[in-house]
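Multiple structures are listed underneath, in structure tokens.
Note that chain A is present in both complexes that follow, paired respectively with chain B and with chain C.
Presenting the complex of A and B:
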């Protein structure tokens, strides 16, 4: 039973550790090792979601949570505090190189059993597990097994069923671990829709997600770069659609914390992104037209991250794919997304191609990103991925 | 939520967190709505209280009418007083009540207690569609209360 007395006692213990951390590390400009106890707080603005103290327990090779306080702020969706805490604990367990087992210390929601103080897996984390459909078998022993941790990590990352199946297939083949994919998504290197586009839309997602190809292996590296470039261009569109613009004192400001209500899907056959909206939005990057998107109509966008010469070379194939997309998603708004390189095409060729695209009932969208910029970002992500735990 | 960030805090952060934990406890605004709703349930609707431990994200209170049917009561102390839509259906829907009842009988869940488990078992035994769900909305500005028999 979580009482206010318990919460205050745990905050005191947390404060003591923070003070100790301050004198031992911050003031001496030192960083702690993974196996040393570290205090963390998770907040959004002034709302606290979770307070945690963790360390890597080297002898058992698990993550030890000495303190775990979770809030369930009513302004946010159910189990949001537990989601934040578990996301951190699982990512930390992966980062530290553990087996993914998580053990809670004896002070976490303690109870007396045969005169001994014992811990448990925090009740809010159990609620989250129930919500994700994961059955925790060692709740009153205070630990989460590696198998349960993997299931919870996959559930928290939020992959679609198709993507989960493909990840498990790659895992069985020994090509990619589900924990690594989840870590890359939860760590923010790839957004969830970007990772899904890579997993479902590229021939060798394991190479991109494990940063397997060395730049010296030119062809393999370029193949990874092309796959990453496509996913990133799709991600740029996702973010543009998600961004909420609020009008305050007659001026448009972007909201940091609020996003438009959108659900994402990915068509792996045509490499197209499918969006459904919970509110009215405007289709971005369409020249000279104002296209409104409404909740009853979905949006299907063929994402093609091509240079100007590649656009000309692949134009016929793109038009074929567009007509297939239009007939597959009848009744939807259909778009074709190119990077800014589109503008480098000679004017008469560009206008004739634009007419053909519009004749197919498709809106041409040109992203402000250029292929050079997308490639630079793709290289950065492949390089960052190289530094993440491999196994 | 997208901006939720984690960091190793400084001592000042923790003293602020402690101050607000001491000042507000775990609930504040909700308590006002719930005590008001309890008064209405007993004195205006003639319901009898059941042994029930209100938790943070479950049902607010549980009563029984004169026919012995369970009445689940949700109190709202906000301007809109809307019932929220969750992943498991809208508050008060059959699907939502079943999900909460299942949580109440699960010993690992935060909604579990021996009293709650008895209520959860009864809801699942008679069927969530056979229990009543009532919303008591108190407007924070006008302080007027409104009772809606949702089901």
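Presenting the complex of A and C:
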């Protein structure tokens, strides 16, 4: 039973730990080891979602949560605090190399049983498990088993049904663990739509997501790099569309956590991003035109992260795919997204291509990103992926 | 899908000049970088240089292709699978013959296609369409003195995977049936020694049920690792290999357990008349030990390679195996092994030692390792390996 007294006591314990942590680590400019107890506070602006204290219990090889306070702020979606806390606990368990078992210490929502203080899996986390359709078997022992953790992680990462299907296929085939995909998304290396584009749109997502290819084996590495480059260019468009620019006193202000209302989808057959909007927006990166997007019309964008010479070489194929996209998404606004390298094409050739694109009823969008920049970012992500726990 | 097809483009020396850039010069530079990459020195810098050179070669190659300069042939979509297969089965040969490179200056065409054909033959791939096309194209390039660039054409097809659709519920059932531990750890308060013992026992139980599991040695006290491993190596039970992993997820070679029988005091009598040689585990970790030690077992520079923990474990294991083998011809040794920590090196050392003791089981005892751990201000003796 969570009482006011329990919450205040845990907040005091947390504050004490933060003080100790500051003097032992922050003031000495040191970082704690995984097996040392660390306090975490998860907030958005002044709203606290969760307070946690965790460590890697190295001899048992599980993640130990010594303190776990969860809020359910009414301004956010139902049980958001538990989602935040559990997302962190699972990612931390993965990062520390544990078996993915999570153990809640005896101070977490304690009760007396035969004179002994016992913990439990926090009630909000149990509610979350029910929402995710996961049955927890060790609630009153305070444990989440690796089997349960796997299902909760998959549920929390929020993949679409088609992407989940592909991840399951890869897992059943022994090519990729679901925990790794979830960690790469929840750890922020790939956004969810970027990861979906990789999983659904590339021939070997497992190679990209495990950073399997050696840069010295150029064919294999380039194959991964091209897949990553495409996903990143799509991600740049996602962020541009999501970004809300508020005008305050005539000044444009970007809001940190207020984003445009957009739903994402991915057409794996044509490698196109499909967007639906909850409000009116302007189509970005279209030269000389102002194209308004409205909630009753979806947007389909063929994403092609090609260099100028690749654009020239692949123009006919892109036009074929555009024509297929226009037929498939009749009534939608259709775009073709190229990186800035488009501008390197000779003017007469470029204008002729642009005319052909527009004649197909498609808006040409040129992102401010160049292929060189996209490749740099792709290489960084592949390199970072190499440092992440491998399985 | 973003799936690429590969197009082979052959260019004469004259056609290799684009604007003021000579593609041949870029290719030869890139080949030199490949040779340096094999040595592994300043690897990241060399990889960066290699990417820049390849990127330029590919860029101008695409331009030539769009201008329809040179001869070209499109390969089937499975060509990259062929390269992947060859790399998987013949990693060293593929690197040596540059079979995964996407360009080939004319000087190397003969060697390239010869090795490609021979390795493809070993995998019975000579009947494959793209393999045949490549061989024919390279033979023509060889005869004509052409340079070859293998260009990726991404988004060259719009069709979806042809692996067939599977019922989602069936797939989910197979996914949930994947073997993963569903047990929980017993939470009784216990010492690090008992904690690791329990972890190992749990892994043994899971492995015997076919559930994938491994012992993680990361972050553990090195004295605990050595003492607990000693117990499992020398205790009776079904000999087996214990799966080993580290926190970075890297998987090391398994560790042999239940495999060595303790020698009697009587059997060790002669060997124990010899003096103990003080051997530090690894140089340059605790410089104050230098005055006390006769020698260090590992050179820090050789072991601390900055790679994954499993790779470090492997390096330590191989080095220790090599030294133990050499020691067989050099007489008897009583080693006072002063541990300095670094878990993968500790595990690698004891894996090699356990195997060495198994190999010498039927011989007169000629080696004894007495671990020493620096605990609370002084050295404490550990359990003896002999």
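Basically, the second predicted complex is superposed on the first by the 389 of 391 C-alpha atoms of A that agree within 3 Å, B and C clash if a C-alpha of one lies under 4 Å from a C-alpha of the other, contacts with A are read in each partner's own complex, and residues count from 1 in each chain.
The rule is simple: contacts are C-beta pairs under 8 Å (C-beta built on N, C-alpha and C of every residue); 3 or more make two chains touch, one makes a residue touch a chain.
Since the model is a prediction, treat every value here as computed from it, not as a measurement.
A.B. asks: Look at where chain B and chain C land on chain A after superposing the complexes, then choose clash or fit.
C.D. replies: Superposition check on chain A shows chain B and chain C fit without a clash.
A.B. asks: Which partner chains sit in contact with A:130 here, chain B, chain C, both or neither? Use first/second/both/neither.
C.D. replies: first
A.B. asks: Is A:121 in contact with chain B, with chain C, with both, or with neither (first, second, both, neither)?
C.D. replies: The answer is first: A:121 touches chain B but not chain C.
A.B. asks: Of the two partner chains, chain B (first) and chain C (second), which one does A:72 touch, if any: first, second, both, or neither?
C.D. replies: first
A.B. asks: Where does A:160 make contact in the superposed view: on chain B (first), on chain C (second), on both, or on neither?
C.D. replies: neither
A.B. asks: Does chain B (first) or chain C (second) touch A:22, or do both, or does neither?
C.D. replies: The first partner, chain B, only.
A.B. asks: Which partner, once the models are overlaid, touches more of chain A's residues, chain C or chain B?
C.D. replies: Touching more residues of chain A than the other partner does is C.
A.B. asks: After the fit on chain A, how big is the angle at chain A between chain B and chain C, using C-alpha centres and going to the nearest 10 degrees?
C.D. replies: The C-alpha centres give an angle of about 140 degrees at chain A.
A.B. asks: A:107 contacts which: chain B (first), chain C (second), both, neither?
C.D. replies: neither
A.B. asks: Between chain B (first) and chain C (second), which, if any, makes contact with A:366: first, second, both or neither?
C.D. replies: neither
A.B. asks: Tell me the contact category for A:216 with respect to chain B and chain C: first, second, both or neither.
C.D. replies: In the superposition, A:216 contacts chain C only.
A.B. asks: Can you give the closest approach of chain B to chain C, taken over C-alpha atoms and in whole Å, for the superposition?
C.D. replies: So the smallest C-alpha to C-alpha spacing between these two chains is 19 Å.
A.B. asks: Can you tell me which positions in chain C touch chain A when the two form their complex?
C.D. replies: 1-4, 6, 34, 37-38, 47, 50-51, 54-55, 58-60, 62-63, 65-66, 80, 83-84, 87, 94-95, 100-102, 150, 152-156, 158-161, 163, 166, 168, 171-172, 174-176, 178, 180-185, 187, 190, 192, 195-196, 198-199, 213, 215-216, 218-220, 224, 245-251, 308
A.B. asks: Would you tell me which residues of chain A are touching chain B in their complex?
C.D. replies: 2, 4, 7-8, 11-12, 14-15, 18-19, 21-22, 26, 38-45, 48-49, 51, 72, 74, 76-80, 84, 88, 121, 123-124, 126-127, 129-131, 136, 139-140, 256-257, 259
A.B. asks: Which part of chain B faces chain A closely enough to touch in the complex?
C.D. replies: Per the touch definition, chain B meets chain A at residues 1-11, 13-15, 17-18, 21-22, 25-26, 30, 56-57, 86-88, 102-103, 106-112.
A.B. asks: For the complex, which residues does chain A have touching chain C?
C.D. replies: Answer in residue numbers: 33-35, 56, 58-62, 96-99, 101, 103, 137-138, 141-143, 145-148, 150-151, 161, 165, 168-169, 171-172, 178, 201-203, 215-220, 222-223, 226-227, 230, 268-271, 304, 306-307, 309-310, 312-314, 317-318, 320-321, 324, 375, 379, 387-391.
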